[in-house]
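Every chain is named by a letter (A, B and C) in the order it is written, and numbering of its residues begins at 1.
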């Protein structure tokens, strides 16, 4: 009975995600519903349009910087805070979370003003750097969860057997971190790839990300190409989601392994 | 079919419950799509009676309770209250008070609000709810606690609030699902006495589920021993203890020696021979187990095995050798090798005099104290 | 890590150094500069922006839209959470997927989809016209309605999870106990489940409200000129008027406002299953 009442709500959640897919196959030059036919024209137009292809490349490059830099920083921080007891550890942890809590517009304005002084506005690198700050909390949270399952006895026995820092990292921490790293990287990638406000402020002729281009084109140049790009993004999101669910289900049916190797 | 023995134990003088009606479980079976979890169950909970479903985990006792309560539906069979079938009614309408192991007190309500809850559900006006609730709290020994929240109470106190809540609306029966499992030993024993006292004071019928045989023995008027979904034997505690009908019942209630033997017919008593050639006498089962074949064994409790002086005459005398002797505190436990296996003997301190390892002894029992059972 | 030596602390600090560096350079410093920008001319920008009638409009809009969004999201979110809580096995996985999947599509895709759905010649209007229910297309886009629809759609998962967490924390025997005591399903929900899920509802309300106040894209793409929110005001000053001190002032005021909201929330009495939170 409850499911019946909720069915409209679930439709509300699902339909917008799905509706872009049939729209992407519009044969005509204008977006209308029903599309009136099936054609791959929008996709061909999309892939043949250098502005769109460039936008995708900029998004990917920025996301790569964000995930790479943010991921490394977050991993080191997670290791540094693991089982820490020093005074102020709560403050450090709280500070780590700030980018998630702060309004994007505030970050966007601050980043713009700062990066302008080092002439990194209008570059994919600038966007990547700004996004890397966003990425850190996502990766940190997932890594912290992974490390929480790490048996401290493992660390003690490794140390007791004479393992140095690097060995301990390779053989004890890394295996425990691996699942969290992948999940965190995915979250961070999505956070950067889909981010629009900071990217809007930091955009330039050679540094327009995909979301920013969608934003501008919806207002000034509404064509089926947008539906095509939206459909592709939905496809990508679904793929990532399906993979993540599959991994989760598989891991749930296997015994948890926190031993090295 | 389990045989319902007549009551054989201390009858309790309890106040007859004003609205109590008999609960009948009739040929109830339950399966979840596979083999039966409960098979062909039948018993009657009489007016004011304390009946316990006793068995190991997986024996189906909790499932039975849930079916009586209405949270599970029997696959076949019927459940009747006062002659009327209730098997199709939801739990809300069955008028039973239930106490769960986790007490399930509403954490956001005070003790008084918890106890008033069933009255509220029955449409009793706000001003009329207070008095019966407070009275019930007094009966369970918690006067003065009405404004506390459950988290401020100890486990035993929460247990009593749960009881008060389940009794305040004068249900037809009280159903308790291992309510004392979460308490430590001393508190458990105190609560056993408490619950029994409350039950007698209020005069309500109780269906109790537990795996603790001592608990069942202490509290129950009758016990239904369950195994793998069936009632194996049903009767008063003393009766089950003295006259078990299967080795499972004999070893589940207290401790017993199970001695494989061969049997020769002899009326109410049989002559039995053991693996080492020795022989004795034991009571034959009161109910004919049906088809005649064995294998058989004799069940005799350690405290019924007596050490014999040369002058003693008992129905059964066996020669044996002492293996070891342990001082347990309130009794002494001796293991002797006899009848081709280890036999445990329990007695007071005087036994330790002769219980040196390797010493030869003669032990025996009265024929009424040993039962011939078919091995299961 | 072995306990308590200063060598251990040094090692930890070394591991945290990149974090301090990154956040210092790309977060703390830029934010500090922004605050400094807003204080030029003895904080004149603050007076300037506050006096502008657009400020009042943006703040009012933000509060009203966020409040409406929060209300809708709580109601819908509660129902969704209950549906997930009460389902098991395959159904539960499916229902959870339905709530989680929108997380992975970006805000632009969502807004584009809503534009397609609510447009005069979009899906909803075409459907209604085909069914003969309306003659002329309804104005569903570029107004307050569309903004709320779009925002609720975005924040719904944020509402569901705290509420779901509170629900799953409820001892499952409580509902059975209530039923055994004579409570109908409605009474059980009203008197037992709802009070115990309130902490989750409060947490969801705060989260959703704060997320709502920061919206930027949705008011632009789905709203009209009268639906401007505070984030849009910042962009207006920064990118259209190129008045960075003013933009910074608005940004600082936004942070201050959100902080006040959080502080107020912390002071509210919140009773839960385990006492005052």
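Here, a contact is a pair of C-beta atoms (placed from the backbone, for glycine too) under 8 Å apart; a residue touches a chain by one contact, two chains touch by 3 or more.
Because the structure is predicted, anything quoted here is derived from the model rather than measured.
**Q** So with touch defined the way it is at the top, what topology do the chains form here? Options are line, ring, star, complete, other.
**A** It is a line, because the chains touch in a row without closing up.
**Q** So, comparing C-alpha centroids, which chain is the farthest one from chain C?
**A** Centroid comparison gives B as the farthest chain from chain C.
**Q** Mind having a look at which chain is the central one, using mean CA positions?
**A** Central chain: C.
**Q** Hey, how far is the Cα centre of chain A from the one of chain B, in Å?
**A** Measuring from centre to centre gives 60 Å for this pair.
**Q** Using Cα averages as centroids, what's the distance between chain B and chain C in whole Å?
**A** Averaging C-alpha atoms per chain gives centres 57 Å apart.
**Q** Based only on mean CA positions, could you tell me how far chain A sits from chain C in angstrom?
**A** That gives a centre separation of 18 Å.
**Q** Where on chain C does chain B make contact in their complex?
**A** Touch residues, chain C against chain B: 171, 173-174, 176-184, 187, 191-192, 195-196, 271-275.
**Q** Provide the residue numbers of chain B that touch chain C in the complex, in ascending order.
**A** 69-71, 90-94, 96-98, 100, 102, 104-108, 117-118, 121-122, 149, 151, 165-166, 169
**Q** In their complex, what parts of chain A are in touch with chain C?
**A** Touch residues, chain A against chain C: 2-3, 5-6, 9-10, 12-17, 19-20, 23, 31-34, 69-70, 72-74, 76-77, 79-86, 92, 95-96, 98-99, 101-107, 109-115, 129-130, 132-133, 136, 155, 159, 165, 190, 193-197, 200-201, 210-211, 214-215, 218-219, 226-227, 230, 233-234, 237-238, 240-241, 245.
**Q** Which positions of chain C touch chain A when the two form their complex?
**A** Touch residues, chain C against chain A: 1-4, 9, 11-16, 18-19, 22-23, 26-27, 29-31, 33-34, 37, 76, 79-80, 82-83, 86-87, 91, 93, 95, 97-102, 104-117, 121-123, 126, 153, 156, 210, 213-214, 216-217, 220-221, 230-231, 234-235, 238-239, 244, 247-248, 251, 254-255, 258.
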